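One chain, chain A, appears in both complexes that follow, with chain B as partner in the first and chain C in the second.
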Partner chain A sequence: MTLALYVPRASVVHRVPAGAKLLALATLAIALFWLPTLAGAAAALLGTVAVGLLVARLPVAVLARQARAVGWWLVALLAVHALTTDLRTGAQVALRLLTLVLAAAVVTATTRVSEMVRVVERLCAPLRLVGVRPARVGLVVALALRFIPVLVERADRIRAAQAARGGSGRGVRALRTTVAPLLVQVLQMAHDVSEALDARGADDVPSRPRRRRTQEAPR
Partner chain B sequence: MRFRRPGAAPAADDVADPARGIELRGVGHRYGERVVLDGVDLTFREARVGVIGANGSGKSTLARLLNGLVVPSEGRVLVDGLDTRTQVRAVRRRVGFVFQDPDAQIVHPTVAEDVAYGLENQGVPPDERAARVAEVLARYGLAGHADHPAHLLSGGQKQLLAIAGVLVMRPARIVFDEPTTLLDLVNARRVAELIAGLDQQVVVVTHQLDLLDGFDRVLVVDGGRVVEDAAPGPAVAAYRALMAVR
Partner chain C sequence: MKTRDLAYVALFAAIIAVLGTLPAIPVGPVPITAQTLGVMLAGAVLGARRGALAVLLFLVLVAVGLPLLAGGRGGLAPFAGPTAGYLLSWPVAALVIGLLTERTWDRYNVLVGTLVNVVGGLAVVYAVGVPVLKVATGLPWAEALWSGAALFVPGDLFKAFVAAAVADVVRRSYPVIERPRRAAGAR
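Up next, the complex of A and B:
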């Protein structure tokens, strides 16, 4: 599973500040819904692909992977509209969705996570007034991006361990038997990560005697 | 020149005395009712100190005491004379910590961003931060992976990344908690060579006894107490004898 999409290149798009890129993405989304025409959606899609491939010089595979991820949704949208409205409307909706997904892919592939995190921190700056620490919000975003693939890998390991002992990898029961051990691992990892954050200077608040897992075996 | 408010407490750097090393004075620790460490009095001034012991003996808790990740239930831990209970931030700048599982230590999605994380916390300016990150990545063979997702690295590369993330902060002392346990032989050897080449004072908790070759001092921990404190040869022999009767 690949969440970190950044593709290093020395392009103009890469040099544009993260905030400007996110603003452009939001503007594109509004424009697509403000001007609902098939030609407009098609032009936006072509423009997005051109920026991604020709200006940002991203590999075709990066955009193709994102398009494939929503492929079935696009087919479903077309089918629903073919049955309920008309194919033209369905094509327009599908093109809009595809354009936005690819535009988001261009933004994430040309922007480092740390730059995104700084934008989040700037946006959260007013929340200081109510006691929120923007740096903490940014850290949460970075941690989420970092650990989603790790958790997917852990879930795969649990499923493999269960399958090796004759368990079924499918169905509601398999989901239930995966969730419980995964939750235990997540809690353990959350504790370990909090220690690592402390060790790397994330918190300048003086430590206190922790109530670490009181049932924990000494290490 | 720095100015201090009249009456303000002296800065940690002003009162720290590196010659004192790491001192544990009457240290005990418990989780709930369970006593994990009891009556530990130690001073570490040697360049290379190893800690060995059975699972659950308390050696990892001992390691965590050294940079304030765990504050002792009883007694004091002092690093360069700074108390981990009251000056933990200054202590952690002096003592880096490398965990057994690098997956828990790598907190940013890409390699270079993760190495830079500790420097951001220290308030290092962006230009200097970038230069130090590039230097440490090059030194440990990770320069070509700077923008790669951390979760796609091999186990050995992840451990090197975790170590790079600590070394870039330039601590004077580093504690390693079972740094080679999850690694294959080649990567374990590479990490062992890396540790051997460090300029810092190093404390290594390990089950891999060959990692202790050339160390100045090895402690054997058992049942929350230090039962042997000697050169590697006698200490490992005492540990083997202890385990033989279990």
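Up next, the complex of A and C:
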């Protein structure tokens, strides 16, 4: 599992700050919904593809993949509009959809995950007022990313253990023999991890007195 | 929030991500995936607050550019597409399931859990997803309802049952939702 949709390139688009790219994307979306013309949608699509392929020099496959994902919808849209309204409206709606999806793909492919996380942290800053600590947001993101491979490994292990006992690991019965034990196991693991984090000072104020304080000799 | 709660939130975001790697069943434009199962589980196991946050965290991870949606999709594109409403409905679904699960905690069983999951995991999801689908695509209501809700009812009902069955086992062996205060006082 490759854990990023980022495509490294040395381009102007890559260097634009993440916040600005997100703002541009939002502006494009609003513009496309407020000015529903076929020519406008076509121009926006051409512009997006030009920026993605020529300026940011992304591989065609990056955009083609997202286009394929909505391909079904585009066909259905054209068909339904051809039957109910007219083909022109159908084409306009389909182009608008394709443009937005591709523009979003360009932003994602040209922006590092770490930059996006920083934008998220900055967006979370006003939530300080309601008690959210932005640094904890970074911690929880890191935890989730680390848990993904751990979960896959634990699931494999339980499946192997069930197979060794002659269980199939499939069907509704597997819920009780495999899925539920796995969930309990990983809940316990998450609990252990949180205690380990607290022991290392992840929480500013301990929620309860620690049972044991490990004495470390000064170096 | 305690660090333990953060760890649970991160864990369920990861669980939803891993469920996205299970093979999806393609039916028409939107595939049936196991990820809504993860959303239901988040609400039913963690409760309203932590469940909704877990789903929100998962969506943030997707939005910042990780390919965690079923079929390896990710980034901002899915939020611009016609099925964006479903994604945005997920945190609300987990919240509603969590609230109802907390309310029924003392008499929770597979049947109650399934009903709770149907309310949160089907009704809420369709109520947000279908109108967004209609606006984004300009489909007539009948088409939007068919391709955006009706096709998924059997699969989603099954997932609601599965999530309830799992949540029931977890409730008895490793409960994460705390007992309601009044019950604790009665003891």
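Miscellaneous remarks
To be clear about the criterion, the second predicted complex is superposed on the first by the 131 of 219 C-alpha atoms of A that agree within 3 Å, B and C clash if a C-alpha of one lies under 4 Å from a C-alpha of the other, contacts with A are read in each partner's own complex, and residues count from 1 in each chain.
Just so it is clear, a contact is a pair of C-beta atoms (placed from the backbone, for glycine too) under 8 Å apart; a residue touches a chain by one contact, two chains touch by 3 or more.
Keep in mind the model is a prediction, meaning the values are calculated, not measured.
In the superposed model, more residues of chain A are touched by C than by the other of chain B and chain C.
When both complexes are overlaid on chain A, the residue A:201 reaches chain B alone and has no touch with chain C. Of the two partner chains placed by the overlay, only chain B lies in contact with A:153; chain C stays clear of it.
Once chain A of one complex is fitted onto chain A of the other, the partner contacts of A:72 are limited to chain C, with no touch recorded for chain B. Of the two partner chains, chain B and chain C are each touched by A:145. After overlaying the two complexes on the shared chain, residue contacts for A:8 are found with chain B alone; chain C is out of touch. In the overlay built on the shared chain, the residue A:193 is in contact with chain B and with chain C. Legend: residue contacts after superposition of the two complexes on their common chain; A:97 is shown touching chain C, with no touch to chain B. When the two structures are aligned on the shared chain, A:165 is found in touch with neither chain B nor chain C. Of the two partner chains, chain C is the only one touched by A:183; chain B is not.
Residues 2-4, 6, 112-113, 139, 143, 145, 150, 189, 193, 195, 197-198, 202, 207 of chain A contact both chain B in one complex and chain C in the other.
On the chain C side of its complex with chain A, the touching residues are 1-11, 13-15, 17-18, 21, 28-29, 41, 45, 57-58, 60-61, 63-67, 71, 73-82, 136-140, 143, 147, 162, 165-166, 169-170, 173-174, 176.
For chain A in complex with chain B, the touching residues are 2-4, 6, 8, 112-114, 139, 142-143, 145-146, 149-150, 153, 189, 192-193, 195-202, 204, 206-210, 212-219. Contact residues of chain B toward chain A in the complex are 31-32, 34, 36-37, 55-61, 64, 67-71, 73, 84-89, 92-93, 96-97, 99, 101, 103-110, 113-114, 116-118, 121-122, 146-147, 149-152, 165-166, 169, 224. Those residues of chain A that touch chain C in the complex are listed here as 1-6, 22, 25, 29, 66, 69-70, 72-73, 76-77, 80-81, 84-85, 89, 93, 97, 100-105, 107-109, 111-113, 116-117, 119-120, 136, 139-141, 143-145, 147-148, 150-152, 155, 172, 175-176, 179-180, 183-184, 186-191, 193-195, 197-198, 202-203, 207.
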